[in-house]
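One chain, chain A, links the two complexes that follow: it is found with chain B in the first and with chain C in the second.
Presenting the complex of A and B:
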């Protein structure tokens, strides 16, 4: 019974932790401009993140070491260094977007200027990182993030023409009013949002924090196989809400406040409050994960003592890295840069960095020296190779598409 | 000893040749930049008529989106489906969008009379939407207990929604004229 509860909790936190500010903004923007015609990208991204998260979780559970430690050992300091530079930069950008997301959600609830919320949000993130245990932190943020299910409830209450939504989604093609280049730009952005690199670093380091062993592989598989696809459904619900309410009115999403209007229309103040709380929790949880990922990647590469299972004094450089990353994020946001614009940049640059993150995981997951009999099977490798091609194409296309479309405008 | 001297001579010649090549490359770069500046720097900023019209259409589409968002927010607040702070934040965000749209139009240099007329019409339409959203914000503030002079605040949401509808009609007309959807 205890094990069953543990599995259920893992799945629920995986669902609640799936959506972050990148998913929220990108899905709403896409829904308001392209309807459900990019739903296939969410499906593609979810399958990809399921594949690679389960791979990195397996690596951590079998070897007892986090992915980045093994990447450095297996690929050497130069290749791993390049990986670290790209991952750390994207991570920092994502952390900035998440802290900005918390501030925007609090601004929405209170009407108080977001720049006043930014230091408060960062301080709260740091306090949790400093004081709260890993498991408590992960479970509370994940469970509260489940409140985003309000988008799915809103969708049902709006009573959309399901046939029309399906027609938009299948066969996928850009609407006549949009340029194909913009369509593909947002396809890459959506893919980057679903497969954000920090998720796998957090997932594998989290496995070490929770002391997973080969016996936990089944639980890992269940969490990923059920939790992430259900989280993906939340992403689709966000896009569908925008497609039902905002698209027909000719509204292009450019702020977080527009994203919640369909929810208010469907469920009134109560559902709106639930969803705003869910947004705060989802962005807060993602800010914790990205801040931790900054510490994890740097500490694992440089061989520092790391982990929340250690007292901060025994992993001082790991904690210092997170503090510096948070301060940089606050500094960037205090320049008055639009957090939504930062979010859009972060998902596109995530797409650029995808091969650097996922190629080494595939290499390590196939190395019997680390994995023993738990190396990738044929299906995982075939899918991995297919995704390798997709992530390389997305990475190569991201910047040219960004320039050609003026960042999708 | 001689070998060392020969090597030193050879190094000196190589360094001299390297410096000459560097100077030649620098000179070529300066000449290229000067030519580029002479070709482009003496002409005032300008756009093709099609580009100008597209820029007007983009700004009007943004203004239309902001106006529609404001209309939904006012309607929802009137029905009690959103709170005052949420409606205020929505409207504030839309004022920023309208500010960007207005800025895009004011900084546009129209290449011909037709584009100039479209820009003027566009500026009027964006201004009307901005006025309506500003009025909506005052209405939200008054509804939430703000102490505003009665002449600054629309009498009811119906008046406000009518004002927004008129402004949005003008935006749609200007957008259609600029070749928008």
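Presenting the complex of A and C:
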């Protein structure tokens, strides 16, 4: 059990990247339109985030410096400032979507108008940020989020034609009914979500919150090797459910209730209840992750005192940042904007944030002044270089693809 | 202790400043140089780092302009104890005037919200 709780940081981080509210919808949309033909992107994304999250965790454990501190130090105030603007925008938009997502999930469970749930959800998020110990927070949100495994159970109960699912996945064969540009737009969106920068901000800062040292490098490895593949599997299970039930029926996913349709069909009310609880926990966890990341990034760029392990008064501007971010999120949601549409906009900002985040991590992970004998090995560096190329290509392609396809529609 | 070459641009600028308890204070936004005897810096003459500058000087480094001397929060170089991956001070952040914004937010806003001084690592 202790081992299991030891990887809660990795699990919670992965939930924010793979199954937060925007990804829940994207996964189901992808499954219902492209079958399993984009599964390779999830695998590619899992390997990439495992690689860079483990580097950022290793840097934090060995040197005590979290990711945005090294971004500021290596890139200087200008380039790091550009990254801060883009990353902060992604954080804020995602936080907005998650708070809205909690409200939508609670609406699904209670049929009380989502707009009434929004302030309640935001207040609950703030209370956790304000009061709850970091370890308790990650354990509860991370483990309850794992209830999304209900999607995998539903998939088995649906008894699909596994051979057909596999044929869609390898070699990837996009359905002829879809335009290639749409296919590639979703490929970039899935990859960007898997590698989204707030994961490394949260993961490395979480390592500092948990006071990791060079002795905890094993824990670091275990966290990334369990957490992110698990997130990837959940995301594939959601897509597969949609591919089995929604694709043949020609249903286009546009709301949360359609995502859980296959679950209700396969497992009835009980499994549906489990999955809805999982969705609430996952969106809540992602809200915590993005709210904390907004505080971490700004505080680390400017060098303010930060961390949930401190009394709020000893990290005053860090807590003030999170309060303001939550208030802005509630304000945006009160305009009745669709929370899921909000996350799609964040793809634009990842164009700037992705390369400017991963380059400094790779550089510092090779700096003996920070890392001593724990610098990167050759394999990590070779893979890191390959992924930098992929990240830059994805980042550059994101905006033109979004414009050309009208955000995939 | 062996002599070590410290490159101001590489090893000081943009580094995290920690107080004597390891609490973050600010990032090194700029450095104040002084000539021999604390006088003005002249080209070709020896100069040393007199203070770490933080705060509004970041905005002027990004966008140009100049901060009036009197409004420049500085941390005296005498207070710096060690330069590693972070710049470690020998004084507590509570005694630093340069950290006044944090103190203001702490006293006026965050410290006044119920639970603002609660220790999350403690019991209850």
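Rule of thumb we're sticking to: the second predicted complex is superposed on the first by the 385 of 409 C-alpha atoms of A that agree within 3 Å, B and C clash if a C-alpha of one lies under 4 Å from a C-alpha of the other, contacts with A are read in each partner's own complex, and residues count from 1 in each chain.
Heads up, the rule we're going with is that contacts are C-beta pairs under 8 Å (C-beta built on N, C-alpha and C of every residue); 3 or more make two chains touch, one makes a residue touch a chain.
All values derive from a computational prediction rather than experimental measurement.
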| item | value |
| --- | --- |
| Chain A as common anchor, with chain B and chain C clashing or fitting | fit |
| First (chain B), second (chain C), both or neither touched by A:111 | first |
| Angular separation of chain B and chain C about chain A, which is computed from CA centres of the superposed model and rounded to the nearest 10 ° | 120 |
| Chain B versus chain C as contact partner of A:172, first or second or both or neither | neither |
| Touching partner for A:229 - first (chain B), second (chain C), both, neither | neither |
| Partner chain in contact with A:72 - chain B first, chain C second, else both or neither | second |
| Which superposed partner A:319 touches (first chain B, second chain C, both, neither) | second |
| When both partners are placed on the shared chain, which of chain B and chain C touches more of chain A | C |
| Contacts of A:303 with chain B and chain C, given as first, second, both or neither | second |
| First (chain B), second (chain C), both or neither touched by A:131 | second |
| Least Cα gap, in Å, left between chain B and chain C after the two complexes are fitted on chain A | 24 |
| Common interface positions of chain A, toward chain B and toward chain C | none |
| Partner chain B, residues of chain A touching it in the complex | 107-111, 177, 245, 249-252, 254-255, 257-258, 260-261, 264-265, 268-269, 272, 276, 409 |
| List of chain C residues in touch with chain A within their complex | 13-17, 23-29, 54, 58, 61-62, 85-86, 93, 101-102, 105-106, 109-111, 113, 115-121 |
| Complex contacts: residues of chain B adjacent to chain A | 58, 61-62, 64-65, 68-69, 71-73, 76, 80-86, 88-90, 92-93, 96-97, 181 |
| Sites on chain A touched by chain C in the complex | 63-65, 69, 72-74, 76-78, 80-81, 130-134, 299-306, 308-314, 316-317, 319-320, 369-370 |
